[in-house]
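What follows is a group of structures, each given as structure tokens.
Below are two complexes that have chain A in common, paired first with chain B and then with chain C.
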Partner chain A sequence: MRHQGGLIQRVIQTIRGSRGILAGLMVAAGLFALPSFGLAADAAPAVATEYRDIPGIGSRNIVWVIAQLHLLLAGFVLGVPIFAWLCEVVGWKSGEKRYDKLAKEFTKLLTSSYATTALFGGILLFLLIAFYPKLMNYLTDIFFPSFIFYCILFLLETATLYLYWYGWDAMQDGGKKTFHIFLGFLLNLFAFFIMIVPNSWATFQASPVVIAEGTDLQRAWAATWNPTWWPVNIHRLIANVVLGGYICGAYAGIRYLAARNAEERDHYDWMGYVGNFIGVFGLLPLPFAGYWLMREIYQYNQQMGITLMGGFLSWLFILQAMLIGVLFLGSNYYFWLGITHRIPGSEGQYKKPIMAMLVILLLCLGVWMTPHSLVASLEEARKMGGTHHPLLGVFGVMSAKMTVANLMILVTFMSFIMYWRAGKQETATWAKVARAVMGAVLVIAALAVIVLGVWGYFVPAIIRINYFSTSQVLIVLFVMLTITPLTALLLKSARTTTEMVWGRMPPRAGYALVLNAVMVILLMTLMGYARSSSRVHWHIYGVMRDSSQYAFSPALGYAAAFMALNTFLFCMLVAFIFWVATMGDKGKAGYGGGAKGELPHGMPAMAGGSQSLSKLKG
Partner chain B sequence: MGGSLGKPIILVAIIYLLLKFVVPNIPGSAPLPSSLIFLYLMLTTSGIVIFATLSGESKDAFWGPIQRFMTGENIGGLQMLRYGVLILFPLLVGWQTYSSTAPSDQPPAENRTIHPAPPGEYTGLSNPVAKTPDNIMQGKGFYAAFCSPCHGGQFDGKGPAARGFNPPPANFSDPTTIAMLQESYLFWRIKKGGVGLPIEGMPWKSAMPRWEVELPDEWIWKIIMGEYDGAHQSPRTWE
Partner chain C sequence: MSEVVKLQLIGLSVVGVGIVILLFVRAQFARVTGFVAIVLGLFSLVALSVPQMASLPPAEEKFDIATVKTPTDMAAIGQKIFFSKGQCALCHSIGPSESARCPDLKGIGAKLSREFIFESLTQPQAYIYLDYRHEGLPKEYPARMPYINKNPIGLTKNEILSVIAFLQQMSGEPISVNPSELEVPGQTPAAPVKAGDSVPVAVAQAR
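The block that comes next holds the complex of A and B.
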């Protein structure tokens, strides 16, 4: 975990104005990414009005929904190219055509979702200018150089996207393919900047750095490089990969459930596997990034840190733990279903390790979900002596949460390794040694994580945060970085005893994929609310107060209803985009006629012959 | 009903009994609130469902009996029981809904936030008093005079007056209290006391006195030093 420059901290110290008591508010569910924000420069002329409202619905609620949808779409639009590009590279390197097809299938979705995202960004921008003229004036004043930069980025991104998509088939061979891959890289590069520029506007609101002197550029740059900018950038980048992966999984899940023949089932089963894999791949480092972000926030301002971690928003983190818990369980469940169904005859063999992993996951989740302050009736609280349980209360603090998060990451990683190795027999002479080493690494790492976690209670907070938590993360990374290549080496010479059979997953696997995607979206809406409401009654923390009628934090139940609404609307939007984008396919006969030869067919293709499908019908 | 349903039911029952009767009796423990028990039982149940539905056979073994019972297929003598469940279950849901919405004389469940956010004007403060053995000693002296009746001479929250209060006086040697907080946070809490808490901290419940009238700031800072030293904890810092 690294520090932002000390200079910045000092600047912040000096600009910290008076600050009020926590009364609560949340306005403008975030100025996330607003495409074509540059327009705001035209709205700059002095406006006497500070706020406008739409009575009945409320300006804040409208902005909340639109901003959240825009952010989710943007996450999708930035996550999918990463995903697609990775698939394309894999296909290019391995020569497996189905990866290329998959990448193309998803890039097709990009073009329409890209337009939708921009559309929502535009709506959001208009709404913000209309509802919050004072705030927008101020932000424009500080950020207009980056608005211009942003517009240029958009032009570049759009051009690259068109080239990437429309040039797909034309640039298939040799040097042209290399160029296409390069285009994909550029696409992601521009996309990354398109994400981090608006991030600077949003993070500025939470942790502003305002310098009095200097040119416009210097002021904009100082405001951009604020203490939470990079933590949010990294966190969102990873989260977008997760979103992209799981949405791909959900799409595959739905298509799998609706598949009409063996070929489709094969394909979408495989696609679901890839989506889930990429989702998990992103999910594993995500808690680390989140932890770093929280730490920077807390260090930046104690009030904001405590509002989130210990104060009235801390309930959100209990909800977060539940959602992440479902996500971890769902992803592992899918891996395990994969082992028992795609690898015939492996069921008995893996029952025990699966049971062990499940129990560890559940225990960890139990710890993670135990709040510091408990919900208790008067009588219960009296018996406990307060809302803090004398024994289980120790689970309520960061040291415990970090420990179990790390353990859950380890378990999930092992699930994947188990899946990877299933159905293969290692033939290398040193296989035994390697397995022993891997086992030892795993056990020692788990123990070390636990020891550090317990020890963390007995050292000053700063030592725990700077050294112990960091070491825990490094240990887990170390495990991944040793076991992955070792396994890869082992499997190189391994003999496949049982062929992986696609298309045999039961319907519940498809549902699990959909559930995971919904969980990720809910998580993003939840944390979006946490991020913007942690500013409490400030538009710009410590600099510009919210003086509108909405300068209060909505009750958690009310907020949760909005999260659900936003999740629902986003799912509908994505469904619409997918539907539109795949409409053309329906006309063509069957799914991907050419793919037949490339798909691994371990199973005789008897249409509708799988027991799982007949069960679905029954 | 098949035997594979028996095991999960027994497992849930065992966990429930553990949480209800065993955990509270561990020394230093206390009864768990029902919200927490419910949470743990939910986890257990989801674990069971996950494990039981991993393979086709185990799913059939788990789900089959339930399905057969509910549809009334070849269950012979259990038919009456099935009708009973089909009638009683909706009634149960109705009763549950009624009892959770009906007015009652019970106070609502409490979710007091133990460490609410401090007001902004306190967040940037740092201890102006030099950390010398003398000052720490002095702080401990003040502590013994003003705070120990409630927070205890051993800094464990077990002072002679402590028993009367709910929430109880904070136990400073517990690593989840002052060790989590910055010195400026304590300064705010001591100065403003229970009444200075924001709403989510339920200011009306806390017996923590408001010391700003009695104690000059410098004493408070010294007490804070003495408190950390005596409780063998150190404040949260960032460097």
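The block that comes next holds the complex of A and C.
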């Protein structure tokens, strides 16, 4: 059975399944937009239209912006519930109410951000149907069953979100709280499926599996379970945690910079710490997921892998190295500022290790950013004997880059452990042994990573990729999985020697948090371009060729302008969502008031209401 | 003014606006916006400083059989296909290269027969390297070479013959492919289809 017709009807049904108001908005947007698409549509009525365009602006540019914003918003609305749920669980387990309040504050954002994401999704869908009817018809034909599943997921997610958010105050104690935690888990579970279903559509375009035989369901399932589906699922899941954490950090950073009293400074300083912590928590395993994805791409189609890593996109990975490097530096810098400013008297104690880590990070970043082939004039290339620099050329290959990436992860992990242990003295009898073991594990692991990296130059690529690089990744994972629980055990019985003092961070800490968030968003836009461009002139790689005037992939400079624009627009959208979500709190604080030190019911102190609260107190 | 220069000017302006905001505006949100503008502007400028390469779809070499008179004509077309639609140069080099990932093809036309080259291009898994240096069944090393006559590359038989002519020519060998072997459209089975125009085909890409 084929589904060649009735696409629009099916789409409208799809949208109707999620939200009435949104569907209305999207239908309206689509109806407003449709006449303009017709301007550039093919005139001959007998031939099916393959493409439409808006002259001057370009259909691809419009889709690029809307799709990227939708994807970033989707990452945000999937990352925030993970972040909020983690905070709620920590608050529930530790009994610290501030974590619960933080979780609630971020869950509050979900209602408005969810609607915004769905709105952009709807606009994107209409644009795709209008601009790429042939492609959309083909995808609908294959993925129709998953469209229905997607609608059901949206219904479940929406219902769970309503219960989770509106039931927050009512489900605070005993078994009700446990149920609320379970609701949070369900929310994330449905969100995960909401993420992986469209991932199958996107990954199918890059690594299609098409079967001619079988039922609709069998064909959809075969197409869904394509070679890059799970690597992208895992990569995006972790990336969403990172995005959620760093956006929380950036929000806290901005509020910290604008804080008007000590209470606000304390609070937003702490919020920034939590956001950065969760961001780094996700950032550490993220490169491994990226490595897995690239490996699967190479396994699937070597040409695609080469196009990405060694072809016209190779310089993109130098930009990626720069962004990741700045992100690592920014995260570490924030840790270091925390150690030196929040823990009085620790400046001298940690100065040397911080300097050492900074030097290692900068050296690693330098190696990671060394290109495989240098930009050189003919004369320069002749002098060098090629486009490889005689000395620096050795750093331009994968063996070097994998080594320094792993070392940077190790250094960041060390920063994190150092911050965790700062201001505490271990009292366990086995503390000395544990410290020695941890030190030895770190040193041996770092040496092993370097040895494997150097050895990698002297073995065939297949050995290096299959065994050496994988071993490097496993070594670093082993370090994290041994030292983290060991440190947690050590600190369980540790004595606090110096209390952490919140609200003393310099303003540059706030800017560091904002920088980290911008880096993560830019990275997402950059890799979105890479993923899309790796298909080169194919809508569906090897199956459906792009025969439009936009079948080319633009150069990096042009693409970067769009990445910057999309990043800026997304930042403004998020700022708007935060502003809208906290507007009600300001109103409540203004009207309701309340006794000094007492929060109006349901109004957490950390965001939005704080300023009004301080005015009340004042 | 080139597009790169225009974008550089825009990038510089964005950075400039950001700096002005940081210098003269006191409102924190505006200052943070200025800071973000500086970061994004710098990012764009760095991206514009690396080599600007666009990826164009491969040009369809017009294969007008009537104009192909000699094997040398075929080799000339084959050379173009080698570096464009065929994407051979993405992995292979002609002569030693630091960046080649697959065998150097210099002299390959002299080493291998045209039949073997044709089979290597269209049935790359016909001969698989087997490793017997251990107990049990031999370990297989499937070729990384894609099926050149199938999508995403999808060279026609005429195009493959032309590439073979080019490989033989650049190896200094007499070209054994003859224009009379070229298939005239309409008289022979259709060349590999453009899959985009077709309904779903059997497994198009699978590991």
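Note that the second predicted complex is superposed on the first by the 538 of 618 C-alpha atoms of A that agree within 3 Å, B and C clash if a C-alpha of one lies under 4 Å from a C-alpha of the other, contacts with A are read in each partner's own complex, and residues count from 1 in each chain.
Everything that follows uses one rule, which is that a residue touches a chain if its C-beta (ideal position, glycine included) is under 8 Å from a C-beta of that chain, and two chains touch if they have at least 3 such contacts.
Because the structure is a prediction, the values reported are computed rather than measured.
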On the A-aligned overlay, A:306 touches which partner chain: chain B = first, chain C = second, or both, or neither? both
Tell me the contact category for A:258 with respect to chain B and chain C: first, second, both or neither. second
With both complexes overlaid on chain A, does A:182 touch chain B (first), chain C (second), both or neither? neither
By the touch definition at the top of the document, which applies to A:370: first (chain B), second (chain C), both, or neither? first
With the two complexes superposed on chain A, say which partner A:207 touches: chain B (first), chain C (second), both, or neither. second
So, does A:358 touch the first partner chain B, the second partner chain C, both, or neither? first
Touching A:430, do we find chain B (first), chain C (second), both, or neither? neither
Mind working out whether A:162 is in touch with chain B, chain C, both or neither, as first, second, both or neither? neither
Could you say whether A:547 touches chain B, chain C, both of them, or neither, answering first, second, both or neither? second
Do chain B and chain C land on any of the same chain A residues, and which? 299, 301-303, 306-307, 310-312, 315, 372-373, 375, 386-388, 461, 542
Can you list the residues on chain B that touch chain A in the complex? 23, 26, 28-36, 39-40, 43-44, 46-47, 50-51, 53-57, 59, 106-107, 109-121, 123-124, 166-168, 174-176, 179-180, 182, 184-185, 198, 200, 233-239
Touching chain C in the complex: which residues of chain A? 2, 141-142, 207-212, 219, 227, 253-254, 257-258, 299-303, 306-307, 310-313, 315, 318-319, 322-323, 372-373, 375, 386-388, 461, 510-511, 514-515, 518, 522, 533, 536-547, 551-561, 563-564, 567-568, 571, 575
Going by the contact rule set out above, which residues of chain C touch chain A in the complex? 3-4, 7, 10-11, 14, 28-29, 31-32, 35-37, 39-41, 43-44, 46-48, 50-58, 87, 90-91, 98-99, 101, 144, 146, 150-153, 194-196, 199-207
Which residues of chain A touch chain B once you look at their complex with the stated criterion? 13, 16, 18-22, 299, 301-304, 306-307, 310-312, 314-315, 329, 333, 336-337, 340-341, 347, 351, 354-355, 358-359, 362, 365-366, 369-370, 372-378, 380-394, 396-397, 457-458, 460-462, 506, 508, 542, 611-612
